[in-house]
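Here the structure comes first, spelled out in structure tokens, and everything after it is commentary.
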Amino acid sequence: MNPKLTQKIAKSLLCGAVLLTSVVLFFIIFYILYHGLSNVNWNFLTGNVEDLGKKGGIYPTIVSTIYLTALSVFIAAPLGIGTALYLTCYTEENLFTKIVRFGTDCLAAIPSIIFGLFGFMLFVIYLRLSWSILSGALTLASMMLPTIIRTTEEAIRAVPSSYMDVNYALGGTKLQGIVKIILPKALPGILTGVILSMGRAVSETAALIFTAGMSLRVPVSMFASGRSMAVHFYSLAREGISLTNAFATASVLMITVLIINIVSYLIMHLFLRKYI
Amino acid sequence: MKFGKTASIFFIFITLLYFLTGIGAKSQKIVRLAGSTAFLPFAEKLAEHYMKTHKDITVDVQGGGSAVGIMVASEGIVDIGMADMLSLPKETDSLEKVVVARDGIAIIVNTGNPLKNLTLKDLTQVFSGKVKEWKEIGVNLSGQIRVISREEGSGTRKSFDQLILQSARLTTDAMFQDSNGTIREAVKSDPNSIGYISIGFLDSSVKAISVDGIVANNENVILETYKISRPIYFLFKQNPTPETKNFIQFILGKEAQKIIAGDGLIPVVKI
Amino acid sequence: MKYFKEIIIEKCIKLLAMSTISILILIIFFIFRQGVPFLVKYGLPNFILGQKWLPQENIFGILPMIIGSLWVTIGALIIGVPIGVACAIYLVEFSGKHTKLFFKPAIELLAGIPSVVYGFIGIMVLAPFIRSTFGGSGLSILTASIVLGIMILPTIVSISIDALSAVPLSYKEGSIAMGATSWQTIVMVLLPAARSGILAGVILGMGRAIGETMAVIMVTGNSLKIPSSTLDSTRTMTSNIALEMGYALGDHRAALFATAVILFIFILLLNIITMTVIKSKKTR
């Protein structure tokens, strides 16, 4: 067949693939927002959950989501960034670091339900923390650690080693070099990793049902249970409690994730352009 | 100046820690319940009611199924385990038990299904897979019967197995959902399906069929003409906390039992 | 004085790193410790090849779930890979700069949508459609494959774009100089060159599909039978863990951990394959 004709056909098929993907993407977002956005108002965002979610708002779930995300980042970020710092700046590249890297890569790929199983057995049952924000946050932190370690490592490695050489040449110590040169330069990459992990925490459902639980109330402390927005949406949708509220919750959920994605994208591309 | 910077970071850190760990939260006592999804919505409603008059108590309710309730109650991870079973397994021997309500199990089909009644024998045959098509039991519906069941940890499932399947096994073709609500949703959308849920979960989105001519409703369960029913237990360790004891007494009181009766379960106390 | 601070900080960071690494080891160790004794006791072949899952009778065969997971994943790959790679090719070779700038973040957006939302749309839109078009209950392997296929698109598209962009320009220029059309260049030069990168993306997508739980529970019907057609209902390994996690005791609980071990090893193997594929590319 005429190669030019083949190319024309191929090109249109490929274009079709892109169009198909775009249509699917828009359909998903449109479907949720169309059915749900009209019900999202100030009362919805600040009202308590009533009648298992059939009426009322989703304020407790918003609080639980923020609580879970904040606590898990609070635990995972220092640990993850510290580990990455250690692996890149304080040790040489040897078998130990290779094994650790392989281990974190594997853990990053483990399905979240396995973390849920792990978290349920260890935190809820074995450590007797019961269904609580703490159990949920510890589980989420376990999930975030590999990703944060990996992205921080990549961000630090992206900083040219000549920078540290200049630092030593000017008489700076290792610590000064890390704090004043490497970290600021790697910060956008590190932040992106942390923020994307936050996005994952907000969307996580299976692991949280079994660790943070399904309580409908604003958690009074980290030892109380609380359902996140994603868990609430799951419950509303699956049990047919209220489709309207399900769509509305999904809308809030999606907009939250959208904002998180946009923020991380901006940091990655705007800041990077500014410094480099 | 440098000191100020470090100090302010330290200060923010401590505030965050304080807030995140809720060290400053007023001493709220928590009563934890977990277990039966059949009783879950009622437990939630009663918890809400209870907390209105007891501002210093938080009642946390989880689901998970009756087997979860038994497991976490015996481990002491929750204060009260909820189980809706005919007969409790021997793991509960060390626990205190009290019946808080009774509930029937309704067999449900899609609202488009012309079926109105089944004999117990037919039911067993359908759910054990011996009968595979709707036409075989005289229903004018083309296609295979799609059985939807609960998973094994469910009290509703266990009671169903004991009362209807008896010695037969559930068909291997059965599909599974994990709560009363999700079974109702599944049957609502699938015209060829048949499933079972707690009578307390019945609504107009699905159709409950009568068994051996007896309609599935609370009156018939009380009269014991509709025999497919089981009690709902609260299980707790001996020497429960005072808040737990108070909450259980509340559930057994007239006020709570009225709410239970009003919402579709059968009370155990004369109201 | 300065050195003192240096050493303190270094010790702190070392402590931080060591505790984190211990935590990661703990996670792996915990899962294996709960699952491996069961595998030894029950017998690995009995577990993997057993066709019945009846915890009440102490029978734990996960073959139906393994087949379910594999079938659903392969279905997802059949849908996701052609469309994903096609998108990547178009964006790298045929589209204008603005399309690419717009599309890449848009596709990242797809990646951020929570899996429960995908599952929800699967139940509300896809399942009724499949039920009315193909019969059956609508909750089937097909439904799950379509949903998962869409879910892994972002991974495959992103990595394929990176792989195709990494092919040296000289390859393309050489091909065009010899008179090939763009399409011929793509098929005969670019794709083979980017092969290992695209493969890595596919494997990553496969890992994601196998590990997905919530969306799958919502759309597969969760039956325990070995499926015989794409319209059959099925249960995956991950769904099985999620459905029975709460109440499993003793051997039942250990069996679920054993399932986790099997999944873990499988993902490990996928990771190793990816690493060797990428390494072999680097040495070319």
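We call the chains A, B and C, going by the order they appear; numbering starts again at 1 in every chain.
Heads up, the rule we're going with is that a contact is a pair of C-beta atoms (placed from the backbone, for glycine too) under 8 Å apart; a residue touches a chain by one contact, two chains touch by 3 or more.
Bear in mind the structure is a predicted one, so any value in this text is a computation, not a measurement.
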Maximum number of contact pairs occurs between chains A-C
Going by average Cα coordinates, which chain is farthest removed from chain C? B
Which integer distance in Å separates the CA centroid of chain B from that of chain C? 34
Between chain A and chain C, what is the separation of their C-alpha centroids in Å? 17
Where chain B touches two or more other chains at once, by residue number: none
Among all residues of chain A, those touching at least two other chains are 238
Could you tell me which residues belong to chain C and also touch two or more other chains? 123, 246
Enumerate the contact residues on chain A facing chain C in the complex. 3-4, 6-7, 10-11, 13-18, 20-22, 24-25, 28-29, 31-32, 78-80, 82-83, 85-87, 90, 100, 102-107, 109-118, 120-122, 142, 145-146, 149, 173-175, 199, 202-206, 210, 230, 233-234, 237-238, 246, 250, 253-254, 257-258, 260-261, 265
Contact footprint of chain A on chain B as seen in their complex: 16-17, 20-22, 25-26, 28, 30, 32, 34, 41, 44-45, 51, 58, 60-63, 72, 75-78, 179-182, 184-185, 188, 205
Touching chain C in the complex: which residues of chain B? 64-68, 70-71, 91, 143, 146, 151-153, 172-178, 186, 189-190, 192-193
In their complex, what parts of chain A are in touch with chain B? 51-52, 67, 70-71, 74, 124-125, 128, 130-131, 213-217, 219-225, 238-241
Note: in the complex, chain C contacts chain A through residues 2-3, 5-6, 9-10, 12-14, 16-17, 19-21, 23-25, 27-28, 30-31, 34, 82-83, 86-87, 89-91, 94-95, 99, 103, 105-110, 112-118, 120-121, 123, 125, 150, 153, 157, 180-184, 186, 204, 207, 210-214, 218, 238, 241-242, 245-246, 253, 256-257, 260, 263-264, 267-268, 270-271, 275
